[in-house]
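Each of the next two complexes has subunit A plus one more chain, namely subunit B in the first and subunit C in the second.
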Partner chain A sequence: MNQLLRFLIVILPILIVVFFAKVLLVDEEIKFANFEAKNFPAFQMNDLSGNPVKAESLDGIKLVNVWASWCVTCLVEHPFLTKLSKNDIEIIGLNYKDADSKANAWLQKHGNPYLFSIYDPRGDLAFDLGVTGAPESYLLINNKVIGHIQGEMNQIKWETAFLPLIEKAKQGS
Partner chain B sequence: MIGEISHFLSLSAVLLLSLILIFNLFFSLNKFHPNQLMLSMRLFNQACWLVFISFGMYVYLAISDDFSIAYIASHSNSQLPIFYKVTSIWSAHEGSMFLWIVFLTAWSILFVNSLDKNHPLKKLTLLMLSLIILGFLLFLLLTSNPFERILPFGAIEGADINPILQDPALAIHPPMLYLGYVGFVISFSFITAYLLKGDFELQWEQDIKNWSFVAWIFLTIGIALGSWWAYYELGWGGYWFWDPVENVALMPWLAATAFMHSLFASSKSNVLKTWTMFLGILIFVLSLFGAFIVRSGIIDSVHSFATDPERGLYLLSFSGLITLLALSIFAYRLPDLNSSKLVVSGSKESFLSMNNILMITGIFSIFLGVTYPLIIESMSGEKVSIGPPYYNTIFSPLILIAAIFIMISVDALWQRSMSLKALFISVTAPTLLSLLFLYLIWRATAVFSILAYIGIFSGFLILFSYLFRMINNFFNKKYINKGSAVAHIGLGLLFFAVSMNSILSYEKNLNLAPGESISVNESLQEFSFKDIRVFKASNHDVISADISFLHDGREISLSPQKRKYATRGQITSESAIHTSVLKDSYLTIGDQLENGSWTFSLKINYFIKWIWFSAALMVSGMLLTIFKKKVL
Partner chain C sequence: MKIKKLLVAIYFFSLSTPVFNQTVYEFEDSLQEKRFYELISEIRCPKCTSGSIASSDAPVSRDLKSKVYQLVLDGSTDEEIKQYVSERFGDFSDYRPPLKGFNYFLWFGPFIFLVLISAIFFIKRRI
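Presenting the complex of A and B:
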C-alpha cells in the first residue's frame, strides 16, 4: 500500500505534465481537420443596439466572431477582421460576457467590422456553441457551423482553415 | 538608459542566484558551515534587492512614459493618471509576471531573514527559494522580456491600457492574488527543506504557520475582489462564473484552507503531520498550475493573455521540475514519516480531517472540470464546455456534509472522543432550528430548488451551531475560539447568500409606453414609466427614461439612458442601478417598439453584497487568529 502510494505521488504529476505538454504541442491543423459540422444553436437574443436578432440573418456564408471589450487578443485580430469584412466575408459579432455600454464604446473607438453583434452578457449562446473564451471564430454556411478557430484570427489561419472550406461549399452549391 | 540599467540589474540577480546554487554544490547538503551560510545569505539578500531596484526603475519608466520600451508603449499612455500608469504594468503578461516575481522575492527575503541564523533548515530553504526565483526570473527574461526596446525609434505615444482595466478594483485585485499565490512558496520550500534534511525531531509547524495564514488572507481578498470587479465593473450581472481562471484560484484556496485546518490539528495533538506536509507542498503546486493555465493560453478565458506556446512549455517544464523534486523527496521520506499517533475517532481532529477530505474532493472535482474539456478534445477532437451546473451539482452535497461536520466539531474536543449523548445534544437544536428557518423561507418565497435549499440549510447549520456556542459562552463561560467562530460564521453566511441569490434573483423584460404603469409581481408594484426625455450632451444625444417603482413598499427611482453618438451613429445604453442591503436592482432601457412603447430589462439580484461581507468575515476571523496572544 505504502509502496503504491509512493509510486503514485511521483508518477501522477509526471503524467499530468506529459499530458499538458502534448496538448500544448498539438498541431493546430489537426484540430481543424477533426471538426464536425453541426447546426448553429437556436437562440433568441438582441443585438448590441437592443434589436432582436432574426435567425435568417445567419443565412449564407458568415463568420461568427466571439469578442469582448475586455479581451486583449480581440484587439490584436481586429485589423485583420476589418480587412476581411471589407471584401471577403460578412462577419457577425458575438459579444461575450460584456456590458453593452462598454462594447459599444469599444466598437466606436476601434471601428466596427461586424454586420451586427449579438449581445450575450451571460454567455448563454456562447455556452451552447461551445465557446471557451474570446476570441473565437466560427464559419457558418446556411446556419450550419462548419469550421472553428480558437484564439486570434489571422491570415495564416484564415487561408489554411477557412478558405478551403468556403471554396468547397461554393463548389457544392 | 534607465531601461538598460533596470534590465541589467535583473540579469545580475540571475547571476547571483546561480552563483549561490553553484557555490553550494561544493558542500554537502546536510553539513553546516557558518561561513558558507553567511556568504549564501549575503548573495541572496543582494540578489533580492537587485530585483526590487530593477522593478522600482521599471515603475519609474512607466511613470515617465518611456514608450521606447515595447511593453510600456503597448499598455500605457501619456494621458493616463500616474496611478494607472503604474497599474498598467500588471495589465498584461510580461509586467504582471515581473510583479509576481517581485512578490516571490519579497516573501522569500522576509522569511529567510526571519529565521534564526543557526536554524538547521535555513540553508536548504534558502537554496530552494533561490532555485525557484532563478527559474522564474529566467522565464521572464528569456520568454517574456518586459525590457525589450522598440529600435531604432520608440513609439511617440502609448497604445493605452484597456479601458475596463482602469479601475481601482483591478489595480489591487491581481497584486492581492499574486501575494496570496506566491506566499505559499514559504510552506513549499520550508517543508521541502525539512524533508531533505531528514531530521524528524525538528518542529516545523510554528515557523511557517503565520506566514501561511497571511498568504491565505491575501488569496481570499484577491479572489473576493476579482468577483466584486466582475459584478460591479464589468456589469456581467454575476459574481462567479466557474471560469477556468476562477477555478485555478479556488484550487489553491481550498488546499490552503485544508492546510490551515490540519496545521491546527497537527500542532495541537501531533496527528496528521504527514498529511499537513503534503498539503503545504500542494498549495504552491496548484498556484503554479494556475500560473501555467493562465499564461500558456492552453485554455482561452477572460483572463488569458495573448501568448505563444514557448512560454507554456517553459512554465510547464519548470513547474513540473520543482513539483517533481518536492514530491519525490516526499515519497522517498514517506516510510519514515508515518507518525504512530492516530486520530481519535469522534474527536475534533477526526471531524476536521473529514472536512479535509471533502476539500480535497472539491479540488479534484475542479481539476477534473478544468482539464476534462482538454482531455476530450485531445482524444476525439470534439469540443465540450463544462459549466456551472457541473460545479453546482458536485459542490452542494459536499457543502452539506462539510456543514454537518463543522456543526459537530463546534462542540467536539481535541484528542478526546465525543460521547453519542453529547453529540446528540449539540446537533439537535441547530438542526431543528435550521429546518424551521428553511421551512419559513419556503413559505415566504414559495420557490423550491433542491441544490439551493441544500446550500441554505448548510449555511443555517453552521450559523446556528456557532450561535448556540456563543450563547453558551456568554452564559456558561464555555470556551470559544473567536477567530474560528467569526470565520465560520462568514462561511455559513456565504453559503446562505449564494443560495438565496440563486433562487430569488430574477430578470424581467417589460414593455411600457410613457405614462403607463404596471405591477411586475407581488413585491414589485407600480412600475411606472413617468417620462422620456431627449437632450443633447457634448458629443451625443441622450434619451433618458424616468422610472419609479415600489419595491416591497419602498419607492425607487431610476433613470436608465440610451446614448446616440453623433459621429458614427453608435448607440450605447447605460444601465441604472439601485442597491440596498438586501438586493440590487438593475434597469436597462431597450428599444422603442412600433406602437410607441419601450422595452425595459429589469434585473433584481438578492443578497449580493452579503457575499463580500462574508468574505470579509472570514478574513477578520483569520486576523483574530493571527493576533491572538496565545495561538494554538
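Presenting the complex of A and C:
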C-alpha cells in the first residue's frame, strides 16, 4: 500500500506536467483539427470596385483573407499572400471595416494579390463568418469553410494547417 | 495653486475611458436589461485570452454587444442568442461550455481529481 502511494505521489505530478505541456504546446493543431466545416454565410455585397459579388465566385478551392488598410499585420503577410496567389491558390479579399478609397489606394501602393475584394465597411459578413479582427484567413472548398487561421498567414501555418486540408479535399473529390 | 491642481485633475479625469464610452443601451423593460447584462457577462470575448464581452472594449466585443442587444429587443431567448453567437464564434464563446464530448472532462475532471486526492489522504491516514 505504501509503495503504491509513493508511486502515485511521483507519477501524479509528472502526469499533470505532461498534460499541461501537451495542452499548451499543441493547442494550434488541436484548434485546426476541431474546426467544424460550415457553409459560407449568405451575403449580398459589392466588391471594392462597386460590382455585386456573385456567390458562384466562391466555388472551387479559395482562400478568403480578411484585411484592411489600417491593419499593420496585413502588410506583414502581404508578400506571402502575393506569393501564394501566383502559384498555389486563388485568394479573395474581405475588406474589413475600411473605407473603399483607402483600401483601393492601399492595393495600388502594395500590389493586389486578390481576385477581388468584398467590401464590408460595417463588418456584417465578417461577423457572420466569425471574424475577430484582421488579418484572418479562411479556407473554402465549394462554398464550405473548412479551415480558419487567426493572425498573420505564413509558410508554417500554410503548410501545417491548410495544405493537408486541401490535399484531403482533392483526394476526396 | 489649488486651482491649478484642480485643473490638472480635471484634465486627467477627462481622459478616462468612461468619457469616450458613449454606447448607451436603452430597454423597454427591466427584464430585458437584466437579461442583456447577464448574457454579455456569459459570452466570452473572442479576441481576449479570458474575459467576457462585458469587460472588453475590443471592436469585435462591441459588435457582439450591439448584436446581443438587438436580439434581446427582437425577443430572442437566451438559448437562441448563445446559439447564434456560438454558430459564428464556436463553443469557445460560451463561458458555460455545453455538456458533450471532451467537455465532460472539463466539467467533471476537477471532481474526479478531488475524489482521487482525498482517497489517497484517507488511505494514508489509516496506514
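The working rule: the second predicted complex is superposed on the first by the 147 of 173 C-alpha atoms of A that agree within 3 Å, B and C clash if a C-alpha of one lies under 4 Å from a C-alpha of the other, contacts with A are read in each partner's own complex, and residues count from 1 in each chain.
Basically, contacts are C-beta pairs under 8 Å (C-beta built on N, C-alpha and C of every residue); 3 or more make two chains touch, one makes a residue touch a chain.
All values reported here derive from a predicted model rather than from experimental measurement.
When both complexes are overlaid on chain A, the residue A:Val23 reaches subunit B alone and has no touch with subunit C. More residues of subunit A are touched by B (comparison of subunit B with subunit C).
Of the two partner chains placed by the overlay, neither subunit B nor subunit C lies in contact with A:Asn87.
Contacts of A:Gly133 after superposition: both subunit B and subunit C are touched.
Once chain A of one complex is fitted onto chain A of the other, the partner contacts of A:Lys102 are limited to subunit B, with no touch recorded for subunit C.
Judged by the touch definition given at the top, the superposed model places A:Ile14 against subunit B, while subunit C stays out of reach. Touched by subunit B in one complex and by subunit C in the other are residues 2, 5, 36, 97, 123, 127, 130-133 of subunit A. Partner subunit A is touched in their complex by these residues of subunit B: 92, 162-165, 234-238, 241, 244, 285, 292, 296-302, 304-306, 309, 312-313, 316-317, 320, 323-324, 327-328, 330-332, 334-335, 338, 371, 373-375, 377-378, 380-385, 387, 562, 565, 567-568, 570-575, 588, 590-591, 599.
Contact residues of subunit A toward subunit B in the complex are 2, 5-7, 9-10, 13-14, 17, 19-26, 30-31, 33-36, 46, 49-51, 68-73, 75-76, 97-102, 104-108, 112, 121-123, 127, 130-136, 148, 150-152.
Put simply, subunit C touches subunit A in their complex at residues 46-47, 58-60, 63, 67, 87-90, 120, 123-124, 127.
Interface residues of subunit A facing subunit C in the complex, by the touch rule stated above, are 1-2, 5, 8, 36, 38, 97, 123, 127-133.
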